[in-house]
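The same chain A turns up in both complexes below, where it pairs with chain B and then with chain C.
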Partner chain A sequence: MLAADSAASVIALIAVFVIFTLLNPRFLTSLNINGVVVSTSISTITGLGMTLIIAMRALDLSVGSIMGFSAIVAAQLLAAGLPLWLVIVLGLLIGAGLGLGNGLLIVLLGLPSFVATLASLSMILGGELLITHGETVTIHNAEFARLVIGNVLGYIPAAVLIALVVFAIIWTIFYRVPFGRHVAAIGGDIRAAIGAGINVSRVTLGAFTLIGLCAGLSGLMTGAELQNADSTIGAGSELTAIAVVVIGGTSLMGGRGNLFGTVCAAILLASIKAGLNIANVSSLYEDLVFGSILIIALMVDGLRRGTRRKGMLVV
Partner chain B sequence: MAGLVNDVDKPAGDASPAAMRATGMRKQFDGVEVLHGVDLELRAGEVHALLGENGAGKSTIINLLSGRLRPDNGHIELLGQPVSFRNPMSARRAGVSVIAQELEVVPTLTIVENIFLGAEPTSYGLIRWVEARRQVIAVLQELGVATDLNRIVGTMSVADQQLVEIAKAIVGRFRVLIMDEPTSALNLAETERLFKIVRRLRADGVAVLYVSHRLWEVFDLADRVTVLRDGTRIMTDEVARTDLDTVIGAMLGSKSSLAPHAHLPRPAVPAAMTQGPPALQLEAVSCADVLRDICLSVCPGEVVGLAGVLGSGRTELTEAIYGLRNIDAGTVWLNGVVAATSEPKQALCHSVFLLPEDRKLEGIFGHLDVRENVILGYDPAHNPETPPRERGLRPISFAAERTAFDQMRAALGIRCSGPGDRITSLSGGNQQKALFARAALAHPRVLLLSEPTRGVDVGAKEEIYAAIEGFAARGIAILVSSSELSELLRLASRIYVLRAGRLVAEVATAGASEGDILKLMAG
Partner chain C sequence: MSNESRHEAVPGGYALPSEATGSVAKARRGSVASFVRAGIRIRRDRSGVWILNLAILIFLAFAAPNFFGLGNIEAVLNDTAILGIGAAGMTILIIAGAFDLSVTAVMGLAPIVGLTVAGNDSGLLVILISVLTGAVLGLVNGLIVTRGRVAPFVATLGTLFVFGSIGAIISKGNALSATNALLLQLGTGAVSNIVPYSFLVMLGACGLCHILLRRLHIGRWIRAAGSNLRAAHVSGIDLRATYLSIFVLSGALTGLAGIVLTGYLASAVATQAPNYNLNTIAAVVVGGTSLSGGEGTLLGTVLASWLFAVVNNGLILLGVNSYWQYLATGIILVLALALGLLGVGGKFWPLAGLRS
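And now, the complex of A and B:
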C-alpha cells in the first residue's frame, strides 16, 4: 500500500537525479556543499506535520510564522545567557503552544482551519516585529550550529538524522497510535468519526499542537544554521509544506496521508532547485517550475479521485 | 391484545431475564412530542422486532437506547442496572452495539481500521494490528466478506460496505445488538448469512432489537414483535402467537378498518388523452443491481403511484428515467419516441421534469431568493409544443421573469412576503410549491415526483395535492413515488408496487386498501 501510493514520487525523484547527474556529474556532490541537505531536512519536518493536518482535511498556514517566532525567541534567550538545552526546550514549547492556540481557535470558535491559521499567521508575524523592532537578532553559538549542520559519521549533516527521527516518530503516531488513525478518520468522513466515538475536538487540538511542535523545531534549526533570526525566517514555508505534501501524494480531500511521499517530494523539490542552479538556469525561473509541478501533482490527485470527469476539483 | 402488553411487566427472575429495559420513554423535538412514554423490554437471547410506519418513532427510540439522543423522561436499565448514556461510545462500552441504517464507515480507511475505529486494541499506546486482524478474520468469514483486510473501504460495493458496518458492530463483547434496517443494501444470500449470525448471537444470549420494513424477515427471524404507531406502543406479542394481518392492523390503526379511498371523487382521465401513445413507457428497463425488468406506462393526464419499501428501487427508478442513473438494458419511450436519457439535460429535451426526493440537497438553491429559484431555467420564448432549447447567452427581461413569477405565485399560492425572500426562510410546503412553479414554467409533459410532501405540514399537503391534480388536468403525465401509501391512494388511479428492484404488482386504487398494498410491498 505504502509503495504503490509513493511510486510516482519515487520515480520522479530517480528521474530527476539521473537527468541532472547526466547534465552535470557534479550534481550529487553539489547538494551537500550548498546546504541543500540541511534546508531539505528542515522543509521535510514541517511537511511531515502538514501531512497529518491535510490528512485531517485541514490546513495550517501559520507554520512559517511559528518557525520565525521560535527562532527569534531562542536567539533572544541565548543572548540573555540561558543554557542552550533550556533554550531548545523553550523554543519547542513555544511552537507547540502556538499550534495549540491554532487548535483552540478552530475548536472553540468553530473557525475553518484555513481562516484561523491565516489570522494567527498575521498575529504571530506582528508579534515577531514587536519583539525585534524589525531588526535581526544574531546568534553566536557554535554548539547550537553544530547540532544542525555538524557532520555525523563523517559527512552526514545532523539535520538529516533529526529529520529521520521525526519521520520515525510521526510515522508511528500516524499508523500505529489510535490518535493517528483518528486524524485520518476525521479527514475521511467526520460524521462516521463522530459516530465511532472519536473526540474530534481533542484530536484537532493534538494535530495542531503536533504541527506547531514540528514548526518550532524547524525554526530552531533554521536559526542555528543561519546563526541569526528575524521575521523573514520561515516566510513562505507554509506554501512549500503544502506543496510537498500534495506532490507527495496526499490528497487535499483528506482521509489519508502519505508520509513517505512527503519526504520524497521534499527531496525532489530541493534537488530540482539545486539542479537548475548548477545547470546555470536563473533562479528567477524556480517559482515558475515549482508552480508547474504543483499543478501536475493536483491533476494526478484529481485523476486518481476521478473528480476531473465531473469537471470540478473542490479543495 | 391489551392483556399481552402486560407481558412486559413480568417480574424479574423470569426464565429469560431482561437484558435491557426502557420504561416511560418520552422525547420531544421543537416542542412536539414524538414518543409518548414507550416501554420496551429486550430479553437476553431473543430477537425482538420493532415495527411501525414512517414517523411512528422507531428511529427515535433506537437513538435513545444507543446514546445518540437523551430521553426527556423515562429510564433505561441494562442487566438490571440503571444507565444513562452520554454518547454512542458510552453505550457501546456498556455493551450496546448498533448497526446504523446509514453507512457510517470512513471511505478512506481500510476494512480493519474501520472495524476498530475508536476502539483500537493497544499495548503501550501502540495499536496491536496483529491482534485486531485475528479478531476480525472469523467475523468477516462468517459474513462472507472474502477480501484483503487492508482493502480501502471506499473502493468496495455498497453491500460490502454495509457488511463492514455490520462487522464493526459484532466484533468484541456486547449484550444488546440494535439493528436498524440492516438488510436494505444486501442481496438474498447476504441476508441469509446475516440471519445465521443473528441466530448464533441469540443462542449466545445476546438481546437483538431488529428494525425492518420487510415484514417477512420479521416473521422469519423474530421471537417477539413490538408495534409502534404515532409514538405509542400498540402491541407486544410473541411472533408465534400473532400473524401478518394483526401486525399490519396494529401498524395502520383505524386507517386499515376504514373503507378504501374509493369514496373520494377522482377526476376521470379525459378519454381523448388516453388515446394517443403513453407519455411515459418503460420496457424491461434494468439498472445495475437495483432495478430489473421494469415495464410501466403513464398516459397524459394520468397520475400513477410508485410504492415500495426503503431499498426497493423506487427512488432509483425516478432517477433512472430522469437520466441521473445509467440504464443498462431496456427501452424508455417518451411521448411516443424512444429516448436515450443519460443526462437530465436530455430528459428535459423530452419535456420530462423531476422533483427530487431530497428537496434541500437536490431541489432548492438555499442561497437564492424565491423568485430566482422559481425562474431558474425559465425561457419566456419557449413554445410549449416544442422541446426546450439551450438558452445560452440570450438575455431575458426582468419584467418577463417577474410576470412569470407573479403568475406562478398566484396560481400555486406560494406564501412569501415578496419575490426577494430567501427560499430557506419559507416553510417546507412553500419551498415545495416553488419547485412545482419551476416545473410548471418548463412546460413538462411528464412530471416525476419523489416524496412530494416530505417535510410538508398537513395544510400545505392538500394544496400540493391540488397542484398535482391541476397538472394532471392539463394533460401532464405524473408518476408519484411516495413512502406514504395514503398519499398514493389519494392521488393515483393506479399504483405500481416495487420490491427488491422488481415490479411485483399493479394495483387499481379504486377498491384497494393500504393493508393489501403493504402486504405486496413486504412480500
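And now, the complex of A and C:
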C-alpha cells in the first residue's frame, strides 16, 4: 500500500507538520477545527474517486457540478419535507446517475472523457441554475448537519469517519476486486485490456458511476456543513481534485493509482491552508503556495524520471 | 538533446506523419486558388460545426429576425473575438498535443500588470505590456514543461493557481478600472459600426497562427510532435524549442485577449474570465481539432467561436433565461462532436472514448 510513489507526499506532509508546529505550536490544535476536518474529508472523497478515473487514463471534469447538483436537490427535497434518510439516498442516487450519464456519453457516443465531462459540466451547471434561478436554497436541518460536523463516540469527527469508510470501500474495489484491476488495465494499455477480454464499456460505466457517487456524497456533505446550497458549491473542485491526485503520486498516463498518496495530498493541502491561516498570511496566497507545491512536486518527479528517459519530453 | 541527434537521418521504416513528409509537394502548388480551395473544403471532423452553424442561422432567421440587425451582428462578432483570440493559441497547443489550463489566470493577470505598470495614460503601452506579460507567463509554462519535464496538463494546472493568486495579490482582490480611450475603443469600438476592432484583431491572430501552422517549418514540427512525439524526436526536430515557442505564442495571444476583455468591461479583475480555459478548449474541439493532437485548423476554431457567440446571443434575443446558455454550451459540444463522428466506420468505439 505504501508504494514508493507516495513516499514524496508522505515526506512533504511530515515536513509541513514539523515546520508549522515549530513556527506556531498552536498549529496541531488548529487542524482539529471542524471546518478544516470537513473540507479535508470532502476533498479526500472526491480525490479518491478521481484516482480511480485517472488510473483508467480518463478524466472527470464534471465532479464540481455534480457536487452542486446533489446538494441543491437535497436542499429542495428537505424543504419539501421528505425524511432525511430518503433525501440522502436520493442525493447519492442523483450523483451516481449523473456519473452514469457521463459514462454513457463516453461509451455510446465514443467521445473522449475530457470532452464528454466538459459538456456535462456545463449542462449540469445549467440545470442547477434553472432549478434555483441562481438563488441560494437554505437547509434547516440540525440532524443533517450533525451527520457531518458532529462527533462519533464523543471525539471522532463524523466527516473523518465517512472519509475512512469511503477509503476502505474504494481501496477494496481497487486492490481486492477484479473491477479495480480492470480499471488499471484499461489505463495501462486499452488494446491489451480488450485483448484480455475485459469489457471496456462496462468498466467505464462502473468507474464513472462510482466517481459520480463520490461527488454526490461530497455535495451532500458540503450542503450539510454550510446549511445551504447554491450553484457555487463545488465550483472548480474538479481541478483541485485532479491536482490532489497528481500530488499524491498518481500519473496522468494511467495504469496505476495511488489511493494512499491521494489521502496524504488532501491532508497536506488542508494543513497548508490551516498553517497559513494561523501564520496570518492573507488567503490570497493560498493558491500561490498550492500551485507551487504542485509544480515543484512534479518537477522533482520529472527530473528523477528524466535520468532514466533521456531527451524525451513528457507531453 | 545533442546537436548530432538533431541532424540524424530518419531511420528507414519509421513512419512519419504523412503531412510532414508530403508538405514539400504541398508547398509547391501554393497558388491563391488552391489555398482557398484547401481552406474552405469541408472536412468530416469539422462537419458538425458547419451543420450546427447553418441550422442555427436558419432557425434564427425565422425565430428572431432582429438577430441580423447590424448592431447585433457587431455584438456577436465582439463575443466571437474574445473567445477566438485565446482559442487560436489553444488550437496550436492542442495540435502539438499540449494543453494550457492557465489561460483563465493569464486573462486576468496580464491586463492587471499592464494597468498597474502603465496606468491609464498610454493605451498602447498598456496593451504592449499586457501582451508581453502574457508572453512571459507562457514562457514560464513552456520552461516548466520543457525543462522541468512536467506534462502540460498538470504544469498549467499548477500555474493556473499560481498566476491567479499573483493577479489577486497585485490587485488586492479588487477591480482596476480602465479609462483609457484607446483601450475602450479596442474593446467596444467598431469599423463603421459593424466590424469590431477586436474582431479584426482576432482575424489577425488566427491568420498568424494559420500561416505558422501551414506555411512555416515550425508548423510541420508542431503537427509532427502532436501526432507522434517519439517519431518527431527521432527525426531530429528540436521539440524543446518548438514547445517553448508555442507556449510563448499562446501566452501572448491570451494576454491580448485579456486586454481586449478589459477594454470591453472597462476594468481588470483577476477573475474576469472564469472558465475561459475550458471554453477555449471546447471551441477548439468543436472546431474539429482532435484532442489527441496532430490535426486541426484555425478555420474550425473561428467557426466554433462564432457558433458559441451566436447561440448565446440567440438565446438572449429569444428572451430565454440566460441560465440556458450553460445547457446550450454542453449540448453544442456533444452535438458537434457526435455529428463529426458520424460516418466513422470500422473503428472500435470504446477506443475513441477513452483516449482523452
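The rule we apply is simple: the second predicted complex is superposed on the first by the 297 of 315 C-alpha atoms of A that agree within 3 Å, B and C clash if a C-alpha of one lies under 4 Å from a C-alpha of the other, contacts with A are read in each partner's own complex, and residues count from 1 in each chain.
Heads up, the rule we're going with is that a contact is a pair of C-beta atoms (placed from the backbone, for glycine too) under 8 Å apart; a residue touches a chain by one contact, two chains touch by 3 or more.
Only a predicted model underlies this, so the values are computations on that prediction, with no experimental measurement involved.
Student: Would you sort A:F114 into first (chain B), second (chain C), both or neither based on which partner it touches?
Tutor: Once the two structures are laid over each other on A, A:F114 reaches chain C alone.
Student: Which partner chains sit in contact with A:V200 here, chain B, chain C, both or neither? Use first/second/both/neither.
Tutor: Only chain C is touched by A:V200; chain B is not.
Student: Could you tell me if A:A8 is touching chain B, chain C, both of them or neither one (first, second, both, neither)?
Tutor: neither
Student: State whether A:I170 touches chain B only (first), chain C only (second), both chains, or neither.
Tutor: neither
Student: Kindly classify A:L61 by the partners it touches after superposition: chain B alone (first), chain C alone (second), both, or neither?
Tutor: second
Student: Under the stated touch criterion, name the partner, chain B or chain C, that contacts more residues in chain A.
Tutor: Touching more residues of chain A than the other partner does is C.
Student: With both complexes superposed on chain A, which partner does A:L105 reach: first (chain B), second (chain C), both or neither?
Tutor: After superposing on A, A:L105 lies in contact with chain C but is clear of chain B.
Student: Following superposition on chain A, which residues of chain A contact chain B and also contact chain C?
Tutor: Touching chain B and chain C on chain A: residues 191.
Student: For the complex, give me every residue of chain C touching chain A.
Tutor: Residues 1, 5, 96-98, 101, 144-146, 148-155, 157-166, 168-169, 172-173, 225, 229-230, 233, 239-240, 243, 278, 281-282, 285, 291-292, 321, 323-331, 333-334, 337-338, 341, 344, 347-356 of chain C touch chain A in their complex.
Student: Taking the touch rule as given, give the residues of chain B at its contact with chain A in the complex, in rising order.
Tutor: 87-89, 92, 100, 103-109, 113, 117-120, 122, 125-127, 129, 150, 154
Student: In their shared complex, at which residues does chain A touch chain C?
Tutor: Residues 56-59, 61, 105-107, 109-116, 118-127, 129-130, 133-134, 186, 190-191, 194, 200-201, 204, 239, 242-243, 246, 252, 282, 284-288, 290-292, 294-295, 298-299, 302-303, 305-306, 311-315.
Student: Enumerate the contact residues on chain A facing chain B in the complex.
Tutor: Contact set of chain A toward chain B: 1, 172, 176-178, 181-182, 184-185, 187-189, 191-193, 195-198, 254-256.
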